């Protein structure tokens, strides 16, 4: 639909789908949350205005439509990540809830005293804190794979740690703070060979790289709709069926049961066993539209566009005096660039950029262990998506120069 | 607003109501060779079946249970078909056969009602896991 | 805005705010999920199209606006339920997640072997199953307060059970299956006097009766935005600050932390300690608009309107031969009527009603223990809200008669 | 797009940049009577203060830390004001005083930066819980 020629995105056409861009903002914070096209809000509005009703056990027409759209999204998501079955697609609020679901429903039962959990120093808090809490509860221990000076994982260390037969290995497909694309396939294969259960945090992977969970071979894969053009409130946990079947529920209540009796309760089949209570129906339907949108563009074209923009931005930023870039070279990173400016705090830079309607993130990017490792408190971060165009990068460069003029 | 009477209702056809109100082969068999019950917890419907089997042929079959017109009529219709049928042939009965026999347009919401008795047949008598059950 | 005269709802004006009603449906399933007015979808769309961004740590203008609206809703909710502080307002996906939060974060730590949990046979699965799972995990036991022949709680039994010093008492303010309005204030007072921690399931209370949590005196109060004109995906747990402060987090990850280090983590203050990961920002903003809408109508007027409709419906249904009504007389119930028809299964009735665009619920209403108690597998249920008018009840009556004609 | 230079910037006023680049009373005191540090974990800013107090009067004060221009300038300005002030008077300093002294329009996003040093003063020196902190 909005690709032109050999899989190139037609960015001008794409931008027309995003009403927020009409205000003139240069939105460079897509790794935080993406913008949503009309197709997504339209699908939600269609639900709210035309077949708004609760799903499942439908006794009337509009509830059948709602159920179809809700369950239809599951098939879209399944195809998008190439899962074997829709039973492996669990809706959650986002990546964080997906990881917490695993930490509670799989972790509490399977991780025991002295078991080893392997994480990485690149990870997002949402892929660290749930494991810290699990480890504290069950007496397990955590080791973090370090990075090298380019911001890439020390695979030598990773393989060393695998020799200690970790129970769980969890890492992000792509780092939200540095943009590092981890060698996920190789890492999963090695971790599986070492007998570990493997969770991949796909919050930055699914939107920008795409994923084939079967080719990847992981046991769990978590991602957020709001980072991939979908609305807030809907995300996904993929889990291998065998593991999900063996797990107890996480949350419980309406809809995830077969029978409830005073004497006890039997649970529903997958995937509903993990979807307790009224779900974020409109949001899941919006997520379905987002998946359609991305599938229409083609993830290859999305990646290619981001690579182009990232290279352009990397070069432009490299030319600026007093600017330090963190992370790997552009060919080995996703559309995320973290940097700092000598003598200018990232917050001050963001404030100055904001006056030019350039939306920039400043902070620790929910990756404090990484910031500690890099020896900084915060960085500025620009991140890109399908609607990003080069003149927005140019505006970022102007804002940086403006900040340097002010702080000179 | 539909104002049809029973006779011309496109969904609640006369024969369906007849099977609902006067179910065929309703009740229990003594000492059945096979007996199995399934419920649809989402709406509380229950269908069970008892079978007498001899020389690979279903000699007798009874169903019991409670539920909506669709689930009960479907069970009644199915028992009529099963009686005297070779097990091998019964195994081949599928969704489309059952829905075809009902002869009405079944909406997604009611499909489980319509197929509950087939599930009893499959899971109970043949121990076949029902792969694509529970679409809602 | 849409009340006329002495606190009477101007239903005709209200109905114009609900685009879905233009299709001509008689939506009688509001206890399941309500419809949403333009004001609510408009507030969400405003976010998605004008200041779509992630909240907190805002470094640019639109993120400040999003944060303000998100946190501003907290104050609206606080005022709506009269909590003492916004720190006591935790956003969740809905009632189910709110109750699960308490079951995990309070229950696992505070409910021990042989402790007593008191529930009622009227309760929704979402206020039963989490406690069953907790009881199984911690060795506690559960007793259910029975109902009398009118569908009202056996308070004599309730008070007897309190003599055994339950650790937790949890019950619904209003039954979603029978409409019974429980004497919540009296029950909370007695339970507190007996030393119990008290959770009130307000899923049907907040939308239809309203609540003053301080007057009620409960420790926790849970409700869902989607049942009170808000979008799916956003609900609320109210908790007394003292209890919330003492609790560990439920889910963990981004945003609910102060500092994350390899050596361990410190948590954020209330209420954010309980809001891990990117929240349902657009949905919370929609919930804020729903609260505004209800506050604009006035909960007294809402109650009064529902009482009128319920009385009208109760009378009309009472006149039908072969129809059995469950639950208390209309003066003692909320806008919910469960019933059955001799010789006609609720599902068949719902299908026939649906052909007349009358949306009716048929099933166990996520209250199987109650259905077992009543000796039925399912009932038909009509439920009402601010947009319900009498002619919709008349259409229900026609559908019932049509069903009787078909099944005669 | 704003094209202002440092001299006329409405937010990063010259005196703010001056306090940022040449912070007054920056450093540590030996054997302070009071010392306290606070951080704003959300952006990594840190401000600490050391006080010498005699006869109820702040005889000397130093601050240390790192952070954005607003948090550091605000701390620098505050120390200037505190030096020689009676503790009783220092207790009365509030948000509005600090914001007034900064003299610029502070957006919600930056308010914590502006008030971090006040928090150090309040919590550290007086043990006052900051009731309405963390508005984001």
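Just so it is clear, A, B, C and D label the chains in written order, and each chain counts residues from 1 on its own.
The definition used in the following text is that contacts are C-beta pairs under 8 Å (C-beta built on N, C-alpha and C of every residue); 3 or more make two chains touch, one makes a residue touch a chain.
All values derive from a computational prediction rather than experimental measurement.
Centroid distances built from C-alpha atoms place B farthest away from subunit A.
If you average the CA atoms of subunit A and of subunit D, the two centres end up 37 Å from each other. Averaging C-alpha coordinates per chain places the centre of subunit A 31 Å away from that of subunit C. Note: centroid distance subunit B to subunit D, computed from Cα atoms, is 78 Å.
Residue numbers of subunit A whose C-beta contacts span two or more other chains: 57, 59-61, 63, 257, 259, 346-347, 351, 362-363, 368.
Touching of two or more other chains is recorded for residues 41-43, 107, 109 of subunit D. Every pair of chains meeting the touch criterion is listed here: A-B, A-C, A-D, B-C, C-D. Chain contact summary for the complex, subunit B toward subunit A: residues 39, 41-43, 107-109, 133-136. The touching residues of subunit A, when paired with subunit B in their complex, are 55-61, 63-64, 67-68, 71, 257-259, 268-269, 272.
Every residue of subunit B that touches subunit C in the complex is listed here, in rising order: 1-6, 9, 11-12, 17, 41-46, 66-70, 107, 109-110, 113.
Subunit C makes touch with subunit A in their complex at residues 19-20, 23, 25, 27, 29, 32-33, 35-36, 40-41, 44-45, 48-54, 57, 59-63, 93-97, 99-100, 104, 121, 124-130, 132-133, 142, 144, 224, 226, 231-234, 248-249, 251-257, 259-262, 264-265, 276-283, 346-347, 350-351, 353-354, 357-363, 366, 368-369, 372. Subunit C meets subunit B in the complex at residues 345-348, 351-352, 355-356, 362-364, 368, 371, 376-378, 395, 398, 402, 405-408.
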